[in-house]
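Letters A, B, C, D, E and F mark the chains in the order given here, with residues in each chain numbered from 1 onward.
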Amino acid sequence: MRILVINPNTTSSMTDKIAATARAVAASGSEIVATQPAMGPVSIEGYYDEAFAVPGLIGEIRSADSPDAIVLACFDDTGLDAARCATDVPVIGIGEAGYHFASMVANRFGVVTTLSRSVPALEHNLMRYGLAARCAGVRASDVPVLDLEREGSDARDRIAAEIELSLTLDRAEAIVLGCAGMTDLARALEEQFQVPVIDGVASAVKLAESMVSLGIKTSRRGGYAPPGRKTYRGILQDYQPQ
Amino acid sequence: MRILVINPNTTSSMTDKIAATARAVAASGSEIVATQPAMGPVSIEGYYDEAFAVPGLIGEIRSADSPDAIVLACFDDTGLDAARCATDVPVIGIGEAGYHFASMVANRFGVVTTLSRSVPALEHNLMRYGLAARCAGVRASDVPVLDLEREGSDARDRIAAEIELSLTLDRAEAIVLGCAGMTDLARALEEQFQVPVIDGVASAVKLAESMVSLGIKTSRRGGYAPPGRKTYRGILQDYQPQ
Amino acid sequence: MRILVINPNTTSSMTDKIAATARAVAASGSEIVATQPAMGPVSIEGYYDEAFAVPGLIGEIRSADSPDAIVLACFDDTGLDAARCATDVPVIGIGEAGYHFASMVANRFGVVTTLSRSVPALEHNLMRYGLAARCAGVRASDVPVLDLEREGSDARDRIAAEIELSLTLDRAEAIVLGCAGMTDLARALEEQFQVPVIDGVASAVKLAESMVSLGIKTSRRGGYAPPGRKTYRGILQDYQPQ
Amino acid sequence: MRILVINPNTTSSMTDKIAATARAVAASGSEIVATQPAMGPVSIEGYYDEAFAVPGLIGEIRSADSPDAIVLACFDDTGLDAARCATDVPVIGIGEAGYHFASMVANRFGVVTTLSRSVPALEHNLMRYGLAARCAGVRASDVPVLDLEREGSDARDRIAAEIELSLTLDRAEAIVLGCAGMTDLARALEEQFQVPVIDGVASAVKLAESMVSLGIKTSRRGGYAPPGRKTYRGILQDYQPQ
Amino acid sequence: MRILVINPNTTSSMTDKIAATARAVAASGSEIVATQPAMGPVSIEGYYDEAFAVPGLIGEIRSADSPDAIVLACFDDTGLDAARCATDVPVIGIGEAGYHFASMVANRFGVVTTLSRSVPALEHNLMRYGLAARCAGVRASDVPVLDLEREGSDARDRIAAEIELSLTLDRAEAIVLGCAGMTDLARALEEQFQVPVIDGVASAVKLAESMVSLGIKTSRRGGYAPPGRKTYRGILQDYQPQ
Amino acid sequence: MRILVINPNTTSSMTDKIAATARAVAASGSEIVATQPAMGPVSIEGYYDEAFAVPGLIGEIRSADSPDAIVLACFDDTGLDAARCATDVPVIGIGEAGYHFASMVANRFGVVTTLSRSVPALEHNLMRYGLAARCAGVRASDVPVLDLEREGSDARDRIAAEIELSLTLDRAEAIVLGCAGMTDLARALEEQFQVPVIDGVASAVKLAESMVSLGIKTSRRGGYAPPGRKTYRGILQDYQPQ
């Protein structure tokens, strides 16, 4: 099967890191096609960036060569609903993937993300997914996304400090790492804290493989029905539903 | 004061209708500037259209001539969070405006919208705003948005039929009309059913005027903090935060 | 239009302060009629006082000279439901007014009120209005209501200290001032903390004006239906529904 | 022990009926003192009546001869919070009493009350008590309260019809009768439907006896702290806290 | 009437302590039959022990000599749902008993239990009962259950320390003691903290007496319907429904 | 990897059917070990049966030959919490597995189960998992579990009738089949209704494989900490934690 992993931002080093994680966990028969939009923000930190990442992301879906499933590799699950209208193959966000797995190994899970600006969007997702009651709290490490790409940053220490608080103050029993760019830290942090530390990228790839192998597809009834045929004007006309 | 009313779709007849409502209710000192993006879908029906309406909508905000407040005139409150990051003047969605007023004149309110495809997005908004518990139910009339613009459609009858069900089956005490294109029907339906029938366009204009006159602005702390300076690539680079 | 602003307690200096705020924000065509009951407690701090403020408050409504809207100027929204049964003009509580505006400029808002005895009543209101999930927490400053009327009290400092905690510990993005008697502090505190600091009195006046100008009235169906004709006995017989 | 049972309305035939139920279930050592205010509405149907029943009700508490516990015998739990501030003996509403017992014998319970005007107040109570999620629905029989006192009314049939719907459509597993005036119907309806049919009056008396015998008193900390010493003006000055 | 009080663990000294409390509060006409299963764990601390306490507990119910009501005297309300299917007399858990009483004397109550391992099970119960919103927090004292039976342990001090935090940090207005083994501490802690400190064992006995005297039985409709006749295999065949 | 699939009831034909589904979807490297307890009920329909299925189920876990993951193949997720304390490998219930996948392909999902007696237990699970808000309703087909094993029953028709209602009345966008014994019907029903029809058995197997391959284990911190060393008495002493 072919799984399209879309990094919704335009930073290729992050796409590479995500692809490495995805390939490391993919089953032998799974081909990981990792991509990123040609247009949009270099990182997604909050609602504004999020909005501008979606057209490029949907563009990648429309031009993709019949993937069997799609992973959206930004932790705020950018464009997830729109993507589900654009295709009938399963579409998995790495945020939801992490939350779902965490809720099956812990009574309460904590989330450690990048900037405080991103926290409300994650809290809104948790509420929509229904999993807010399972979340012990979303903590910001105040590490900008692109610092995770930078040698010598103190990102890991700051993330570890928030994990410590999540386990002790918030009574989390497991941790979900709240950014695709943290994918390479999961194992070491799990070792350090001796609780499940869950990476959304890896989680989403396995959920995608699972759904393909089970033949589970996105519902075409109700909110994810294919968009009606209509005119899109201006530079967005390429995205017009047919 | 100047209030920028953005119809997030690209159908100018709907912009005209919205502008007429907005001007009819505006205070004497308020200038209504009604606009629509040059690019994007001709109507917004569900998640997919919504995603593609946002860049054009934000473009209108960025190029606007210092409005004092902004009204987003699509009932799914398209792009509301992103818009609030793009400016510090108040930004009001017509969906939330209708819900807030309804919750102050009724214990429970019903919503009657266009297509069933749009219902989940409205339900998600209600949950996020916190007002889901006040909503007696969102009903779809199965009237496509653009039929509201068409002479001779049976739109009004179908909307009235759902209002009847909302009042009797769902025990709604007031009705919120779930589409900007229904703005001209509110008064007659209120007459017919003898309960408050609330139009979001008019409601949002008055909330915008109120907030301007009170000096209430969008918070710059937390989720609506201005986006960090970063590179936007491709055709979206015009939207890059500075 | 004429807006009846009722201070539900019997302290006239507070009525004056409330009236001053109301007139300062009222539109040029709005006449503010400020009043207070002749009977009842001198301040409202908790459930007990609240219960005894209602008859006088409803009396003011019944004897009023056809106002177009009514503002109830106590932050616990004393008697709001009963008042809505007593008239079909819009009735706005200053508590709800503050919460609604705050929820349109911030993902989460904090409330700073007077005594801890009052906190549960405010929390119950937030739950009923549906906005509890948007509230970052209600904090008591331990300033008695009438201290806000007293020269030389340290009220402002204690309120400011709680705002600081609300923004940092509770992650509030905006503040709602939790007492009509704080109406004169809003601007200075907003200046100090650089986040929206919302005063319910001013907010309610603008909502009332808005609803009058839109023709939105209280629903007569369901919970706010006019009370049935029946006998009231004893000193309360003046309030008997006809 | 002495239990003060207050019928918050001023209809003495209803007080008699309530007293009969209370005495029938009281333990041998319990003295039931049944009373009603001299002032206030003859029946309580909705928010307006409720507000005017409270002062008389609190008056009965203040003039009572040291009861060991108090039962408020109106199903909307009129004045419950204020009453708890007025005394440190336990105060039990018949609504909450019915809900609590029902939730210990059924996964979901239905409520059948009098007029639809009263439904929102009951729903608000259920939300505040936390038991809304356990309630399968509140149904109005459209039987006015005083019809329950009238020979030859079809009240019982209409109540039975709603119980039938509650069990079948709403999947209720037990029924709570939603008016003190229904107290004499419980046994026969239980017989008819073969599910628990719970009467709040009897339930509250037993809860009151239980709490007295356990020495459980109303908390004096937080929301139920005794009201501060302050002036009450006008005809309400008799209720002034000392 | 005869009330069967089952200590679901197999430690007879705890059964004795529970029986002493039950008898101390029982009405003169109530016979307390205290028992414990012959098989199962010596203490119940968390989900695992809980699961293994149920068969013995149900065995006690099946072999009991027609009790009029049953009290399950473990604070996690072990086996409550299964027990309700096994009999039509009322079955009361000491956890729910404590929560229900606390919610009638306080706006918010705190719970202080034994080990942190038990906290999620209590939180799940609170959610199911609907009372989670009334709970200010469940705190673990890190006192193992059997330490409560041991002379010279510092259990009381550690419990008192958590009560202090619950009242100040969590804003609890009353405390529920979260273990049957704490039943002898309630009075002294209430004296110390001057807030209601509620013991579930005593509470459940009075609720059981109340329900018996009111004739309230467990519903046989829906989730508590008697189990269908079917084969149970192996050592559990003694529990087979007939 | 080796996945232990436990049918918690003692009907071997159902174990065979479950094993067939599990093997059909298992990855090539996965060995499915299907088993059932020697003791316990022949089917699980409601709380009572559930309680008696747990010891046998845990027994299977304790005697298993180091599985890499465990699937509990009863739709009420029998014994899930206890099982997670008994082992540190991932333990997946088929109920939760179905719910999690459904919530990733639909805004709202419906559940169609066997007897109405089982509905409350499923609703409680949905509440605990946090996914109740995503569920459009749990419907009972009134097909007893063992009828699903019987040739010539009308089980499929009755299940299909409830699916129809779930899609139309409840606005479900996908269906979760609410019994392990329905595992062979999923494909045909999906064909018939053209919406995702999700089988929990297959779903759980893929989640288990995913978690093993990602190294995600059950948290040992908090509620799923291994049970403390203590004595278990009587016939249950074999289950004593060491």
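As a convention for this text, contacts are C-beta pairs under 8 Å (C-beta built on N, C-alpha and C of every residue); 3 or more make two chains touch, one makes a residue touch a chain.
Note that the structure is a prediction, hence the values are computed from the model and not measured.
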E-F against D-F, pair bridged by the larger set of C-beta contacts: E-F
Same-interface partner of C-D, chosen from the options A-B, A-F or A-C, over half of the pairs matching: A-B
Inter-chain centre distance, chain B versus chain D - centres from mean C-alpha coordinates, in Å: 43
Rounded Å distance between chain B and chain C, as computed from the means of their C-alpha atoms: 27
Multi-chain contact residues (two or more partners), chain F: 84, 107-108, 116, 119-120, 127, 133, 171, 222-224
Complex interface listing, chain D residues touching chain F: 107-108, 133, 171
Chain F - residues contacting chain D, complex: 116, 119-120, 123, 127
In the complex with chain D, residue positions of chain C that touch it: 10, 37-43, 45-52, 54-56, 58, 79, 81-82, 84-86, 115-121, 124, 127-128, 144, 222-228, 230-237, 239-241
Residues on chain C engaged by chain B in the complex (per definition of touch): 25, 27, 84, 90, 92, 96, 100-101, 103-108, 129-134, 167, 171, 173-174, 187, 194-196, 198, 202-203, 206-207, 209-211, 213-224
